[in-house]
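Here the structure comes first, spelled out in structure tokens, and everything after it is commentary.
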């Protein structure tokens, strides 16, 4: 079975692409990080494991070079969405799909270890072994999966030029939105409390926005000064507007890749808003982002058949 | 190196309660999932068995959002200006790590300039006593020993505590630290020996130092090197590294107002953001990402030392831990300091 | 020590629309407090941060010389949020001024020498301050020949028309004014762009017949400098203008023999604090607000090209 390194080497040597965008081993335990490979001899750096938390599609909008990109299921869906929004030139892109068993939630592991500094971590496939100064501990991967990965129905990417890994049986999660539905039955004071509490953690570092492939606006609304939509400080309502409006801008576009959650240094529960919007779009339009290459994006395309009542409740 | 005294761990809470009568006491406490420096509640116990805090104590001197002045329209095209009262209560920060304490000394270079003194920062500095806790077990990501700092470094500390297990040795470093903490007895020679061993052990746990001076020499001549494009390619240009850095000091000045009342505030800003250097005319000196990344690293390891003879980094490792794409300043310094790099550039 | 972030309260005493397109206005400001006025002392080349309360602060060069008492003049182009608000204000309204900030044209070093002042378009503001300063009776004798070369796109876009008219008549300075060529389908048209503005020799500007007293010409600023050919002997060239003008003028002054230590520029950057703390206006290890905005070419050559 061809490995990522072999594919990359072949693509670079043949000149089919100028660079291969993938993951390499990071300098921290539980981290694999993005890497741009341009020389065939560097192709051996490419890996794929349970620590590949970034969505590489974020580097693709307006990319001029012929690029091959390693894409997990969620990332591949982002690529489909970006192509529909005309942000990538398909002829310049070669998608190397990877079958993905999910990414671990490093914050969960750190919590389970009582914040004891982690010296090293090993991905054993079904389990992760983590070593601290106090010794080693093995976690079942299913116990420490990132929240979005735990309910992922696209372990095999929907669209690719070449696939690495054996296709595995997709999990079906009919209760995927159960937590969302339950949350929505709560009285509005409780829901507001949750929203205020999460927004209070936000420090406006914009890691979420920069990590997200669908946030590609040349000038984000938070940076606009005329008109100045919100101030740039830590005023409560300004931060809340940022969180809320960013989520709304992602309605019908977010593929629940989890890159924002992993990027956020403060542990803001961004998915609380995004998942509710995802469910709403599914209910109203029957649309799952980036799955079909032909279906138009639900909130940017309008047909006479569209319901005219409000989209988001 | 004669220490002053010794405090039993069992005494610490009582001491802090007493201090709370005269000072606003800030200590490491659990806040949500993280350990953070925050004002200690009246009945709250500090969390002293910690590595380092998520937030940076610099926020107590240079907060993320601060009012500078306010104004009211007087109705006929006139204004009444009011300088903001500087919020600088008498404060004691307990168990700050030496790296964070040194960062304040570096920030002093910027805010305590002989020509322009920043009253908002300086008033808080003046009214704060810093009690440091040396690091017996540095984090795996610490590299303070690379940048003229260390687990028991004294620059910026008013008092330095060493954790001996059952208690702390208290060493008064500055005038401000004199007689602030009551001690149960004086430190014995055995205590001091223990402390010295702990310091040696801690230093041994740190990574072998890289010559940051050599890195700077490489940076002096590498502004136009193609290295920058390569190095910065995966950077997302978010603000995480700058917002967690104890020595970053960039800020934005903004107006916040209604129709007739307003205030001028300053907020943290980041050279990583695209609009940071954008002119009103539309001219942008740093159009590309690599220029912004280069600016950050040059500022820390060349421009700041050019002006103040110190690196603008204390090796706390927060940027390394929090970067969403694992860009690692230790890798950067190692590469810059390597002799091959210098030789390569000299050949050019 | 005074809080450096707090502006002085000032009142707009006079507004002059400088240009025919109405995009540039000069504002004369008077201090509300006599105490503040007494404490203010600036040098030509410095700037100040003007506060439009509710909108923001902007760094603007001081267009009036310290020898002009009783007011401060600032010339502002309408480009963004704050400048638009300022342009909509009327005489009598109050704003704030914070300063003086930055360094200045180091006239002490230039004493006994000849001064060549070269400005383009809107950038002439601090050069007005400097020229007025040099021409002041208490200063004039300390300097040799003064040559002013000032160009804009058209006669209506030249600033300070009153001063220019006065300077034309003086015999203790030479004033060359120039306006841009009209551009046709084949390039610049070799004829006066406006009546009375004689064209310089486009191919060999230095061959143009030019009176040492000055005059009005059709030429881009670099060509005007070439035609005027000011002597570089014991002389200093102060150049302010848009980047493209500076780019083409520098080779001309270098050709004329001005040394990099004697070629002086004033730079612009996005600024906020103006006092070297907020970190955004740096070029290499220098802050344009504090170590500049005036730099010699010799200094600029040691700094990274990031501006």
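Letters A, B and C mark the chains as written, and numbering starts fresh at 1 in each.
Everything below uses one rule, namely that a contact is a pair of C-beta atoms (placed from the backbone, for glycine too) under 8 Å apart; a residue touches a chain by one contact, two chains touch by 3 or more.
Keep in mind that this is a model prediction, so the values were computed, not measured.
Relative to the C-alpha centre of subunit A, the farthest chain centre belongs to C. Across A-C and B-C, the chain pair carrying more C-beta contacts is B-C. Computed from the mean C-alpha positions, the centre of subunit A lies at a distance of 31 Å from the centre of subunit B. With centres defined as mean CA coordinates, subunit C is found 52 Å away from subunit A. Mean C-alpha positions place subunit B and subunit C at a centre distance of 41 Å.
Residue numbers of subunit C whose C-beta contacts span two or more other chains: 80-81.
Listed for subunit B are residues 252, 254, 269, each touching two or more other chains. Among the residues of subunit A, none is in touch with two or more other chains. Every residue of subunit B that touches subunit C in the complex is listed here, in rising order: 68-69, 71, 73, 76-79, 81, 83, 110-111, 113, 115-120, 223, 249-255, 257, 262, 264, 266, 269, 271, 276-281, 283, 285-286, 291, 295, 298-299, 302-304, 306-307.
Against subunit A, the residues of subunit B that register as touching in their complex are 32-35, 50-51, 54, 64-65, 137, 139-141, 230, 233-234, 236-240, 243-244, 252, 254, 256, 265, 267, 269-270, 273-275, 320-322, 324-328, 330-331.
Across the interface of their complex, subunit A is touched by residues 80-81 of subunit C.
Looking at the complex, you find that subunit C touches subunit B at residues 1, 3-7, 9, 51, 53-58, 79-81, 83, 89-90, 92-96, 243, 268-270, 272-273, 275-282, 284-285, 290, 304, 306-307. Residues of subunit A that touch subunit C in their complex: 225-226.
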